[in-house]
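Provided herewith is a single structure, encoded as structure tokens, for subsequent inquiry.
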Amino acid sequence: MILPILLLLPLLAAAGAGAWRGDPRAVARGSAVTSGAGFLLSLALAGQVLREEVVGFGRGDFLRADGLSAVLILVVSMVAWISLTCGEGTLRRARDRKELDDAHLRRYYLLTNLFLFTMLLSVTANNVGVMWVAVEATTITTAFLIGLEDSREALEASWKYILIGSVGIALAFVGTVLGYFDFVQRVGETSHSLNWSVLAGVADRLNGDVLRIAFVFVLVGYGTKAGLAPMHTWLPDAHSEAPAPTSSMMSGALLVVALYAILRWKVVVDACVGSVFTDRLLILTGTLSVAVAAILLVRQVSYKRMLAYSSVEHVGLMCVGAGLGPLGTLAALLHMIGHGAGKSFLFLLSGNIREAYGSTRIASVRGLLRARPWTGGLFLAGTLALLGLPPFSLFVSEVMIFRAGFLAGHPAVTAFLILLTLVIFVFFLGYVNRMLYGRPPAEVPAAPESRPLELLPLAVNLAVLLAAGIVVPAPLLRLLRLAAGVIHP
Amino acid sequence: MDPAYFTPLCTLTSSLVLLAGIAILWRHSLPAYIDSFARQSFFFVLVILAVAATTGTRELYIVAAMVFVLKVVVIPRLLHRVRRTVGADLEIHPYVNVPFSLAIAGALTLVSYVVAAPVMALSDLPTRASIPLALAVIFVGLFIVVSRRSALTQIVGFLVMENGIALLAVLATYGIPLIVELGVFLDVLLGFLVMLVFVHRIRETFDTTDVDRLRKLRQ
Amino acid sequence: MLGWLLEAAQCLLTLAAAPGAIGLVRWIKARLQGRRGAPLWQPYLDLRRLFRQEVIIAPSTSWIFRAAPAVLFGCMIVVSLLVPMLAAPLPLDGAGDLVVVVYLLLLGTFVLSLAGLDPGSAFGGMGSSREMTIASLAEPTVALAIFGLGVTAGSTNLGQIVARTLENPARVLSAGHLMAFAALYIVMLAETGRLPVDNPATHLELTMIHEAMVLEYSGRYLALIEWASWMKFFIFLSLLSNLFLPAGVAATLTPAALAVSLAVLLAKILILAVSVAILETQVAKLRLFRVPELLSVSFLLALLAVTSSVLVR
């Protein structure tokens, strides 16, 4: 029963936001409550999956949650709850400053809840086609979110986003059709021929050449949504122009949902032709993404764009990890959790920074630690976490990925990745230091920090990052092993 | 329908679908693009009807009706209306000029024959000879999106891609399960409407629909 | 023996009927434009007049100027012997196939372009350069379009192509066949100087191509050149009709079959000539920099014809 309730909650919140005509604060609180309930339910679901291995619902298991889905549901619910709770303050203050009006705010909560619903549907749908429909729906819901404020840059970003995203998704559909064709030709038409469980079961009977072509289309198509290079060009614009809570949800959750779709197809293709083909492609694409992110990050002018390129880097690392066998996949999944926690953390804080300093340029931000000690301190902590420093969990997952790289016999690539990560470390931290230290400019009002209650959910992020960094909790490790086992049986 | 006529008829109508898509690379004015898309969708409906008549699948008749209403009537009308409001009529200086675009379209067709070779080898349906043509339509649509400057032309290119994918589904598997088909339709329609809204906003903000002007975020 | 007579008959047919075909096109255009127009046999009268006219040659020309009309005329006569008009296969099939025909046609174009440059006048050079631009884009299309047919027929010999297509009539309606027809039709318009590529009735500097090259010619030279260009038109029409719809072409050399073949050929050419006339009244002349676009379309059509018939084996 958990699965349908999990999906219903954001729908209810969206319906409420759509129908409500009064003060948006009520809608905001409602969304915070439903997303919090959703997060708790995702934890319960994870527990259920640990006990039963697969949880299904509906005729022919229309909704299906195995280990992999459970991990993603965790990430998505966590990021959504934190973004909706912490972001509420930022948006409310934007409305008070007359940058947004009530209608905007209501639209924001309507679209965000629909966005959450479509993401959850993508990772729980058993049918390949329904998954595709849900991922396309995420593009549609987020397009308006990115363009929420009517500036020229926001419009440019949202146009690029929706065009490139739709084209990418269309290519993913070509891959889906080819996979379905392969199935029908080799196995024949059945009533649930597009279900994962069915496809994975008969994969050894399918034609390898066609599946390989299908996987290439799927990788390019869903890779566009995941921000893998060279299809990433929309990402820096979209993630930097969107309001901070939306950026955090997109970076933390949407990118990994797209990666999930690629991994699902990987299972089917690997069962047919072995994992060498997909592994090679994933390592190549992932390394390219990290390289592109490193090259472009060194000359960033805006801290939000810098965070966006950092997302490209981390998704690239996850992609490489997924191509490095069971250990690498485990690491990649742990990385998803850590990145979700860390990136949403930083994006939400960046929203506060922008409020205080009025600009997203790195050069405009000085003396953050003096002007806003809590925000600055947390931002520094988040940066260190994101750059893969101990005792945070991203350190553990990155080291695991590199170790998996050496073990799988790719020393050169792994060394190259380590070098790129170092480059990003140096420049990212350099820019952040410039923002943190020094004297704050005179125009920055010495306003009080955001109410501590608002920053409290961020403590959850930190807790997650720390906990999994010091020692991965046993249930989580079991869940990750289960999920990795789905991809590498 | 007699199978002996079915394959050549299928190849002929699929070629017409491809040619209508390539016509977009040849013409210069936006009304011509929209009409070419409408014509392409019409030829696509003919393909679906041919397949439906030969296989006797009732679902395909419904799909043909949906495609006709949506892509031959509704979407072109909406596009024309937006075009008139937005005032964009000519595609001046596309990123790639016409003869070169046509040469690339020829190259893309050859590539799609190569890519589709395993698919054709696996298929035992009489429609398999036209599968590369469907892939070529997809690539040509992608090329239109990439090489043209006007936002509306990019939308037309996206729609041509969708036509190609739907054609591939019909030729390779005689259509996909109806519920997925409906979902896909809805998604495409919604995506299209969202894009139209954005074209309006772009026009209001930038006073042009030339996406080359949207360059403030280039880094 | 009969075969050689047949070849001679084809040549004479081309010589005799070509001015008539052009006269027909002009007459239909005139009627469609609401004029009475010159009579159908006006081109014959023109030829007679030109042959009796005095020849004036500019002093700045060389032997190329005087040799070109003869070479061009000779090329057209040889091509008329190689193209299957009345029967297929022909006795001279061994001498020439698709490649030879394309080469001869191009040789004629080349020689005429040289002759346009020879007097050193501005118009001549301009016409030659324009003609070469068009020819360089159109010739590969001719080769590719007929090559597509040749691959399915298993030979580039024109007679063989027609014979094989006769054996397999269902092939006529295949996508590759129709696309090759469309490609060759567009190329025919380009090569023979019809609208929308070139206006055969204009003498404005902005729009002349063929007329510009022959501007310096007079008398019997002009007669030969005009006749040769009309023969080119007739040859292209007969290529279009017999390669793509060979029904009626005589397979055996009996008088009855040949009579039927002649009648059917003339009927097909009549229909095509009427279509050209109607097309010319409907479209406007393309600006010169748009002509490569049109020819690219025809090249792409020929390419698609080849891929759809070759790569689907």
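By letter and in written order, the chains are A, B and C; residue numbering begins at 1 in each of them.
Keep this in mind: contacts are C-beta pairs under 8 Å (C-beta built on N, C-alpha and C of every residue); 3 or more make two chains touch, one makes a residue touch a chain.
Since this is a predicted model, take the numbers as computed values, not measurements.
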item: Geometric centre: closest chain by C-alpha means; value: B
item: By count of C-beta pairs in contact, the leading pair of chains; value: A-B
item: Averaged-CA centre spacing for the pair chain C and chain A, given as whole angstrom; value: 65
item: Centre-of-Cα separation between chain C and chain B, whole angstrom; value: 37
item: Cα-centroid distance, chain A relative to chain B, in whole angstrom; value: 31
item: Residue numbers on chain A that touch chain B, as the complex places them; value: 127, 129-130, 132-133, 136-137, 139-140, 143-144, 147, 150, 152-153, 155-160, 162-163, 166-167, 170-171, 173-174, 177-178, 180-182, 184-186, 193-194, 207, 209-210, 213, 236-237, 241, 296, 299-301, 305
item: List of chain B residues in touch with chain C within their complex; value: 4, 8, 11-12, 14-15, 18-19, 22, 26, 98-99, 102-103, 105-106, 109-110, 113, 120, 129, 132-133
item: Chain C - residues contacting chain B, complex; value: 170, 173-175, 178-179, 292-293, 296-297, 299-301, 303-304, 307-308, 311-312
item: Chain A contact footprint on chain B (complex, rising order); value: 115, 118-119, 121-124, 135, 138, 142, 145, 151, 154, 158, 161-162, 165, 168-169, 172-173, 176-177, 179-180, 183-184, 186-187, 190-191, 194-195, 198, 201-202, 205-206, 211, 214-217, 219
